[in-house]
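Just so it is clear, A, B and C label the chains in written order, and each chain counts residues from 1 on its own.
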Amino acid sequence: MTNYQKLLRINTNGKSLRNITSEIAAIVADSKVDTGLCTLFLRHTSASLIIQENADPDVLKDLADFMAKIVPESASYFHYTEGPDDMPAHIRTVLTHTSEHIPINRGQLVLGTWQGIYIWEHRQQNHYRELVIHISD
Amino acid sequence: MTNYQKLLRINTNGKSLRNITSEIAAIVADSKVDTGLCTLFLRHTSASLIIQENADPDVLKDLADFMAKIVPESASYFHYTEGPDDMPAHIRTVLTHTSEHIPINRGQLVLGTWQGIYIWEHRQQNHYRELVIHISD
Amino acid sequence: MTNYQKLLRINTNGKSLRNITSEIAAIVADSKVDTGLCTLFLRHTSASLIIQENADPDVLKDLADFMAKIVPESASYFHYTEGPDDMPAHIRTVLTHTSEHIPINRGQLVLGTWQGIYIWEHRQQNHYRELVIHISD
């Protein structure tokens, strides 16, 4: 019975979708868990996690465009003291995910062929984001 | 090895975002789990869970305004027998979360400094909502 | 201590919301887990999971209409090589869920009376979708 936790600090370099699949796969390998569950938890409210296509970079462009349209930074918000990109970042986080969960089988994440794990930075500026990886069997 | 479950009945007092972080933290403390995972599951389809900013109440106002705009109660829906706020409540639930998951480290939820756990009541009227808390190590 | 995994292949018959609650309940019964957690993980980026009302089929119609409006297939996307329904399918997946999680109590999923588990196929065509069910206690 394993209950393995690790903290990853990730520099997002400002607004972006960053593929972190290989970092997570390496931590799963380190855990030596054969059959279990990997939980990712992001300790922030203006960046989020998604699982999405890992092949065509245009998918990431379209995702960013969609979010820019549906949650515009130009709209008027009560919460404004941290800049025009902060409240949209909170809303975009609510519409996506603070945690993601991937079962482990034969020592590997059961991701589909086209699935990658991404951190979505919603703020304009560079941020260090803390991600907790919890692995149990 | 612990597998701890508790049922919380929460009166939402109608449409609102209610911070339940301290209730959940108290249950985690009761469980005596040191390193593990806390799962929250809401047994409803017209209220939901989110993890969001716990500091500025304006963030909650902006979240509510965004949902009111993107999923209007004034739109025309096929499902109408339970009132004009019911179908929008279902859609708002789908766009947010029925379960949330926070790892536990050294006996405490690994929430970031600005993260709070909220029940989001999407119906106009008062409701008792049942929340299952599952804690494992 | 159980750590039970199963793979389900589901034919979605094209764009639809398919209730899979009874299939999942049967797998939970097979696992013989009394108190635990059931995690569902979909190995795809153009279909998703939701937990929603299991009573009035109009709710499913309204959900589909909402998604069609908020993420239109007629919009212009960079990612277009797999057809006009593919990029909207990716966005609809991001706005909903790749995994769902339901605690188990006394051998049964703790779903509320009105909650059903659905696979939401966002593509026009027939697809076989792989769902990993992970059950632990």
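Basically, a residue touches a chain if its C-beta (ideal position, glycine included) is under 8 Å from a C-beta of that chain, and two chains touch if they have at least 3 such contacts.
If you're wondering where the values come from, they're calculated on a predicted model, not measured in any experiment.
Trainee: Can you report the angle of the rotation that maps chain A onto chain B, using C-alpha atoms only, to the nearest 5 degrees?
Mentor: 120
Trainee: Please tell me whether the contact surfaces of chain B and chain C are same or different in residue numbering, using the over-half criterion.
Mentor: Looking at both copies, the contact residues mostly diverge.
Trainee: Let me have the rounded angstrom distance from the C-alpha centre of chain B over to the C-alpha centre of chain C, please.
Mentor: Using C-alpha averages as centres, the distance is 20 Å.
Trainee: Which positions in chain A are in touch with at least two other chains?
Mentor: Correct list: 1, 70, 95, 97, 101, 136.
Trainee: Going by the contact rule at the top, pick out the chain A residues touching chain B in the complex.
Mentor: Chain A residues touching chain B: 1, 3, 5, 39, 41, 43-45, 70-71, 77-79, 81, 87, 90-91, 93-95, 97-99, 101, 130, 132, 134, 136.
Trainee: Which of the residues in chain B end up touching chain A in this complex?
Mentor: 1, 35-37, 50-53, 56, 58-59, 61-63, 66, 70, 95-97, 100-103, 105, 110-112, 114-115, 136-137
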